[in-house]
């Protein structure tokens, strides 16, 4: 990785408030090719809003979003669509299209956004579903899938668009404990293939093993950042460590 | 020539007597419909095959034939044929009551079916008879859940009651038509009639909403059941 | 059985068949027009700015809060007071379209509101434009959610088409009433008319059920 390459995704000084309550207070971050950054922090700290602001599902009040070093013009619909095409998004509650089969959930954006012909799109969709281990579920509707399967379809759908980076908004939070593993496996597999990711999660195993950098958010700002080996080292007394310790206690108590 | 406003004002007391007759028709019809509806619903859910078939036929008939046709059929046809000495006002109430009975049956049936099966089982396990279980456990819950749909049914029957004038029942429409045909102020008079119906709709729906709040059981909502 | 060939029955069925065609000529344009208005007003009531939304709400409240007969009387007997004359057929169809449109808009509105925010988010996050989201995600879902209500409204319309009689449009009920009065045989005549409507309504119900099955998606039903 050379320093001269611009980051794939760069966020500069993002501000957002709802009803006079500041949710994001000047957040900046850079995501280079192949990097994985993990956002942690208490709920309500603005992680979800930050992720939604990055691909403009929520319009930030102020700040810049740069894709491959070029600032995105948020007033232009075409550049917004291009941004969202190149930055995939995984939601906590999947957001599969309820009226379409797993296969068609993937085909529809390929055809509408990428303008790929139906046959090619279907081929690609089958391939992606196979990659996440759902080759036998192609014809099922969202209501017929388990939470873990739904999230894997959502990931296949995002990946079929060939995104340059992936934003993951607590991808395992809405899942029953026994279904979390299958989603984590897919995420780890993605990491191994070098996918660039920015992920909000409370999943210790993802934080500790995958993150190149931890970003700790509190009250709308990134108050601490660094590699897990430093921040989570015993006795580092970092906020991240305290937070992860509490998560550990919670999950120990449950299992 | 009299202005339309003064004609409307002069006619108002006369229209208002129609207003009260309309209210009476709707109240009688809804009450009859309530009795029929509960009976039919219970029969449709708990009855034997033959009873269910007959009740289904009743519901199918009254939901499939226009109110206007039913009014003509009963008032000019069946009631005289059976030598029933009832006047137009009562006839309308009976016909509307039988119609809404069919619709209310479907409402109550839906509410009964939506109750968890355990409610009936628990009542039986305590030694209640089927009749006791239905009356003391099932219906009090089902009827509460039915209030919003029932309020809808009220506004439908209220509007259907405006057809009563075709058989000469002295309600809002008949009175309005009477005045309009003499003064030729059709537009303003029918607008006033519309407002009277609007008022009755509002009155009924508001009091039913009040009733719903009044009989609400804390922490118990039918939305959570589905 | 011979009775069926008596002049009374011959005249009755000739009149009822004539009236039946008129009823169909009332129902079809009213159903189509009502659905179109319902879609338009329903969308206005969900997507536009508050002023238009409130106007749409007011239209729906007005036409749902007053009896259809009153609306028909205003159109047919009231409008001439301000110099507007409508034929019985025109008054009936316009009244049916306006009234049924108000009810349809309610179902369309409910269907549009029932589509979860996540469906829009999911579509936008993949780069779909607003129009693509509406045409490939919102409309297919809304159609399925609204189908039951809208279909039932058409069934209501079949029955309420009998009200055209009160503005002297000679359809099934009106034709039958004439014969019934002439022969003074109300029970027979109105039983037969009832059967005509029962047939139409039952047919429409079966059609609606078929359509529902056709569009069925597991876990995605009526509201």
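By written order: A, B and C. Residues from 1 in each chain.
The rule we apply is simple: a residue touches a chain if its C-beta (ideal position, glycine included) is under 8 Å from a C-beta of that chain, and two chains touch if they have at least 3 such contacts.
Computed from a predicted model, the values in this text were never measured in an experiment.
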item	value
Geometric centre: closest chain by C-alpha means	C
Remotest chain, subunit B as reference, centres from CA atoms	A
Subunit B-subunit C separation of Cα centroids, rounded to whole Å	21
Distance from subunit B to subunit A - Cα centre to Cα centre, in angstrom	55
Subunit A and subunit C, separation of their C-alpha mean positions in angstrom	47
List of subunit B residues in touch with subunit C within their complex	60-61, 63-70, 72-73, 76-78, 80-81, 155, 158-163, 165-166, 173, 177, 180, 184-188, 190-191, 193-194, 197-198, 201-202
Interfacial residue positions of subunit C with respect to subunit B in the complex	62, 64-71, 73-74, 77-82, 159-163, 165-166, 173, 177, 180, 186-191, 193-194, 197-198, 201-202
Contacting residues of subunit C [partner subunit A, same complex]	118-119, 121-130, 132, 136-137, 140-141, 144, 217-220
Subunit A residues within the subunit C interface of the complex	52, 55, 57, 77, 81-82, 84-85, 88-89, 91, 93-99, 108-109, 112-113, 140-144, 154, 157-158, 161
